[in-house]
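Reviewing the structure listed below.
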Amino acid sequence: MSFKDNLNRTPFAPVLAGVIFIGAYGLVVEDPFLLTLGGYTCALALFALSINLMLGGVGEVPLGQSLFFGLGAYGVGIGMKKFGLSYEGGLLAGAVVAATLSLAIGNLTLRLTGAYFSIVSWGLASVAVVVALNMEHFTGGGMGLFALPPMYLTGLDLSQPVLYFYLAAAMLTGAVVLLVAVRDSRFGYALESVRQNRHLASALGIDVFRQRLKAFVLSAVLAAVAGALSVPYTQIVTHESLGIGITIDALLMVLLGGVRWLYGPILGALVFSVVPFYLELDVNVRMFVFSVAIILIMMLVPNGLHQCAQALVSRLKGVRNVRI
Amino acid sequence: MYVSDVVKIAEHARVVRPASSLAVAVAVAASAVTKRYGGIAALKGIDLAIEEGEIFGIIGPNGAGKSTLFDVLCGIVQPTSGEVQLFGRSISGMQPHEVARLGVARSFQRTAVFAEASVSQNLCFAWHRMSGHSVLGRLFHSRHWHRDQEACQDRARHILEITGLWEDRNRSASVLAYGVQRRLAVGVALMTDPEILFLDEPAAGMDDHDSAGFVDLIRRVAPGRTVVLVEHDMTVIRALCHRCLAMADGRPLVSGEPLDVLQHPEVVEAYLGAEDA
Amino acid sequence: MELLLQTLANGLLIGAGYALIAVGLTLVFGILGIVNFAHGAYFALGAYSVLIAANLGVPYLLAVPAGMAIVLAAALLTEPLVVRCVQSGESSHGFLIVTFALSQALTALMLLVAGPNPQPVGSPFAAISLSLFGIVFAGQRVLILVVSVLVLAGLGLWLKSSVRGRQVTAVAQNPRGALYTGINVPKIRRLSFLVGVGAAGLAGGLLAPISSVFPTMGNASLITSFIVVILGGMGSITGSLLGALLVGIANALFETYVSVSWTPALGWSLVIVILLVAPQGLRGKALKHRY
Amino acid sequence: MLRVDAIRAAYGKVVALNGVSIEVNEGEVVAILGANGAGKTTLLNAISGVVPITHGDISLDGKPVHGLKPWRLARLGLIHVPEGREVFPAMTVEENLRVVDAIGDGPEFTVDSVLDMFPRLRERFDQAAGNLSGGEQQMLAIGRGLMARPRLVLFDEPSLGLSPLISKFVLSTIAALRSKGVASLLVEQNMRAALKVADRAYVLRVGRVVKHGPASDMAVAQDMREAYLGA
Amino acid sequence: ADPIKIGLVMPFSGPAAAYGIEARQAAELAVEEMNAAGGVVGGRMLRVVYEDDKGTPQGAVGATQKQISVNRVDAIVGGMGSQLALAQASVTNNRILYVNSAAQAEAITEQGNKWLFQINNTTNMNSAAFNKYVISTMKPKTVAFIGENTEFARPLLNILKRDLAEAKIELVNVSLYDTETNDFTSIITRVRSLNPELVYVADGAPARLVQFWKQARQLGGFRAGAVTPGVVTPTVLKASEGAMDGVISGDIFSASDSAPETQSFVKAFRKKYNADPGKVHLVVYEGVKVIAGAMEKAKTSSNYAALAQAMRENAWNTPRGTLRFDAKGRAHAPYFYIQRVKGASLELVSRWQN
């Protein structure tokens, strides 16, 4: 095997497969529940991608990523209710605010690493929750913002389950294409080298802090878009969208799907949002069973579900991956 | 007695300094550099002038401050007082990556490689900083991007060959034997095509064959660069260096031609021990 | 003046409780590198165990150690799950998912067995309250203060001056090196996990009479412990004591004199400000090698 | 004292040791030589129980110790001073030494005697080990190993990163340990120096022993070259 | 015939799980009674289908969607919180009959949702009655307000502020604490130092309410009357172990009302669960019963226009008397109860005619 064969010449093939699947799903499925759930799953997957940009890309656990998800949601909510913006306007406003805020926050917090970064970012999200609760006239306080006007994206009505699904899926696809490009770019390589060994990276001329900051801002924008995409589903914007719960869900998706794999979070989101709905058990039994299943999965395939797929592929190819 | 390659090469092929330069420019200059850590003075006043194109060795007992000096020269550690200039530019206040961008690469005493990546990926990481495509470039200039990738691979292949890592190119860096990792660390530094190369005990842990190969390698890549190396292996120092500096206890002890330095009684006493003299 | 003193006393007593909850978290993080999201669940388990023991007629002061024993047994059973994920996996974040899922599973189990309703636990100290110069000290809280001081001092002493304790620190810093030094690494890990979780169980049993017992009672404590642990510096016992007292007193002062509805932001703001000044927390140590 | 009999160890599909047999007698210094990647570190790790073996036997004092964990072996008097030093970075030099259980039954070493051996460490007594220079860390690692009172020490490149003076001293210390009844298995790149202190030597090449014998017979250049590289 | 499915969307996990479990008990009791009486709409049996909304709006949307399109239920009972009710209502709007059992924000019924009905009083309705009692009967000069910082307590506070201002009563303290709060020492200390004549505590979570009162007692209690609207359930009473003695509560339901319809409900509930029913039990029980009743009256389980009409046009006989729905879908009951905690039970102080 020559050295050049390492080069992945078809990085966009999985994207194409995804697009075909999305198209087919929208055509075949008519049930509004499955369609809206599909759309919401896309929003969650997008959020999971943003988390994985931090987790797999930067190597930090962004426990406070929901801050940006919530900003996206509140962007739509406040934009539409208080400023009379369109849905697109709200989405854009949320993304811009998220980008600006993440720049400021990143400048302060990205000097921290490990648990310290995680907890501080969680702290910021928690402060945001308190702010959302207390700034009642702006955020609707504990009640949140509801009775939002009809939402249109590129002229299409998001209250139609099919359209919501397609648009959310399109946004997700766009994000994936962007992330593939990031992975293969100078920025992607720099980021990866920073994650693996920041001392060496900086000795090679890479501005460690800047790469981390760039990734952080990008992930914040993705999270904000995901948050905005969740609003047509929930129809109400509350402080829950800023809270740790949603981050934890997305983190579980990422880890379940696999951190080292770009599509892992999407797989995780699929498993995560669909399976629990079909476990026909008493809710608490279901929660127990699901949690235990997650633990077992992590015991058996510590690198996430994609490890199964990988092992299968290499088994088929007759190569055995060696790791100790 | 087994005569190592190093010695053999050393006998009939001493590197000759580029003679063309009458007024040689100074690549690395340090003046009155000190470094204190609380009560510990790691450097107590170092003056240094390393000329462009020189291969310069630094030796000294453990804890003499060699690695600390490297850290100061590369901007990783800010000196307590004194100044460092690279190519006549002061680096005080510069971040390590800014110093690196002046054309400086270094290897570390504790082997530093990208552990999760394969050997060839390790090299690509080093290359991409300078020549890789931007995100938009990746999206919209796919052809260029592919050409870039090939350029990267060509250079990586070259480095793999001269460092003798070709066989190991697809192995993960973390599973390499220690000596092989040391070679990779040198390869990664070389991948950036640096003008100044700082190597901290590069041959430590290499077997005789590899360190001979290493000497060869440095000779090959040295023209047009300045190489500064710390070593405890005197064969390497003798074979490679044009000049060298012996340090002890954070101070310069002796400097000059390697053979002179190595025979200097103070160096023998503090560093080499009687027998090797 | 009396109000100020009472507020400071409140802060101190509350802080002592925080310290007791947080010390286990900091220990498990410091030694195993695991941010134990299940800590709150073990805390609740401790409370339930005391409740069960009390319902069987065991007097409170005996029920607390009995409850702790039950928690230790649970820790012993779950330890392999948690500790195994430390080493496996490329991402080294597997523990997040495992401890989180564990916390969900434990909570679900408690919900299934005991139901969601808050249940009271009686304590002979709950009825007592001391009054000194007009300042009221609730009996149960004084008990917690005493136990907390004893536990923290004991743990600190153990880590600092016994060989076994130093080995715990050694495993935390370099498990591989510890292996070569002849230290029984798995045993040390198990030991520190048990001690950490045991402290959570103890805290649960002691705080139960104050808060009554319900399955999600650990959530709020978990958040506070995180704040405390990070403030103090992960892995440092004195750090978590300092952090706990700081948070306890700051919260008390803020709630009494400024605003209640902004209090939750206070702890976090303290964390953010302090970490920006001291990135390893008040007493944390950087574990990095030179390169 | 130590018998390693036809052991095999592999990392996944990479076979690092393929039927290696060596022996260390009571109070002997045995050198293991070989090129980079020959499997020397793996051999030591296999003996000390850090890397599992798939075939073969290891016995210590005639008792099979195959499969025993490092801490059990330490109890039997076997200590491994590893490649890469592996000190405890945030603990002081003193704490690094005091962390050790003196569980072996070899000659006693105290913190003081270690510091006497390496005066440099005395100067750095209260410093965090992670901030020590490379050579100082190596001294610390050796000292820490001896604190466990071993009867057999596996040294993986003990002179790595040490100045010529100190590395000579370390090797002579290893020789001196022999007179206290402490045997050593010594992996070294500095072949000449190693052969000077060793009683016997083995040469490893890609996971096999290709040459062994008394140290004094080994120092023939051409032979060694072949043994190393398989020319 | 096929059973009629009533979908219950409630928090069965998370901090509010206690309410979900209570809701399930009540729904089961209601369905059992209806089925024992021969079912509805020509003898069709009733069945309750449960989905967990985890107490979050996202969860509420998913669970409601699933009830409609996967479980294919005929009507939905939900609303264990105003956000949840709003989220659920956004899904059920124009698709299915939806009964918000417990949430009380005005906004829920202001959305012009034709097939939405609400069993509980709105905040305004509750406060109107309760505050009237507080102001005209208890006559405090100073009041301290303590409550959770949520959509439950904030509207109560706003109305209280207005009513106190009108009556020229001073509001000396407002403490709105976070829902993660588990230590109230400082708040209690502060309020004690202000020495108000009345302490008004608004918390919807049983566990927290218990914590609050226990901690208050440990610090010596308040030298004042104390009131708390709406949420003094049997669970709270049991867990508080007397720490709430003397607290006045105002509620839409009292298990100790001697009215026969109340007592037959209480008796049936005791028989099945060996405990007293609380308010959550009541509203869910009523929700299910009213839906079933409307189906029986309209002779349909899926013509929602007809069902909604039947709901509005009829009076419903429930454990708390005769219930009527107004144009907005809000239920109006005849009475409002003022009760006082005594040990582990509530004693009726007075019953107000609405």
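By letter and in written order, the chains are A, B, C, D and E; residue numbering begins at 1 in each of them.
Keep in mind that, in the parts below, contacts are C-beta pairs under 8 Å (C-beta built on N, C-alpha and C of every residue); 3 or more make two chains touch, one makes a residue touch a chain.
These are the chains along with the protein names UniProt gives them: A, C = Branched-chain amino acid ABC transporter permease; B = ABC transporter ATP-binding protein; D = Branched-chain amino acid ABC transporter ATP-binding protein.
Remember, it's a predicted structure, so these values are computed and weren't measured experimentally.
For the remaining chains after leaving out subunit E, touch-based grouping gives one piece. Path length between subunit A and subunit E in the chain contact graph, taken as the least number of steps between touching chains: 1. Any chain bridging subunit C and subunit E, meaning touching each of them, is among A; the list is complete. The most distant chain from subunit D, with centres taken as the mean of CA atoms, is E. Relative to subunit C, the most remote chain by averaged C-alpha coordinates is B.
Centre to centre, using the average C-alpha position, subunit B and subunit D are separated by 29 Å. Mean C-alpha positions place subunit B and subunit C at a centre distance of 48 Å.
The distance from the centre of subunit B to the centre of subunit E, each centre being the mean of the chain's C-alpha atoms, comes to 75 Å.
The multi-chain contact residues of subunit A, meaning those touching 2 or more other chains, are 130, 133-134, 199, 284, 287, 324.
Counting only residues that touch two or more partner chains, subunit D has 11, 14, 131-132.
Residue positions of subunit C touching 2 or more other chains, listed in rising order: 90, 108, 111, 223, 261, 264, 289-291.
Against subunit A, in their complex, subunit B makes its touches with residues 74, 76, 95-98, 100-101, 105-106, 108, 112-117, 120, 124-126, 128-139, 145, 149-150, 153, 156-157, 160, 169-170, 175, 188, 192. Those residues of subunit D whose C-beta lies close enough to touch subunit B in the complex are 11, 14, 34-38, 41, 83-84, 120, 124, 127, 131-136, 138-139, 157, 160-169, 189, 191-192, 219-222, 224-225, 228-229.
Subunit C contributes residues 29, 35, 81, 84-85, 88-91, 93-94, 96-98, 100-102, 104-105, 107-109, 111-112, 223, 226-227, 230, 234, 261-262, 264-265, 267-269, 271-272, 275-276, 279-281, 291 to its touches with subunit A in the complex.
Against subunit B, in their complex, subunit C makes its touches with residues 90, 289-291. Residues 31-34, 36-37, 40, 130, 133-134, 136, 141-144, 146-147, 230, 233-236, 238, 240-241, 245-246, 273, 277, 283-284, 286-287 of subunit A touch subunit E in their complex.
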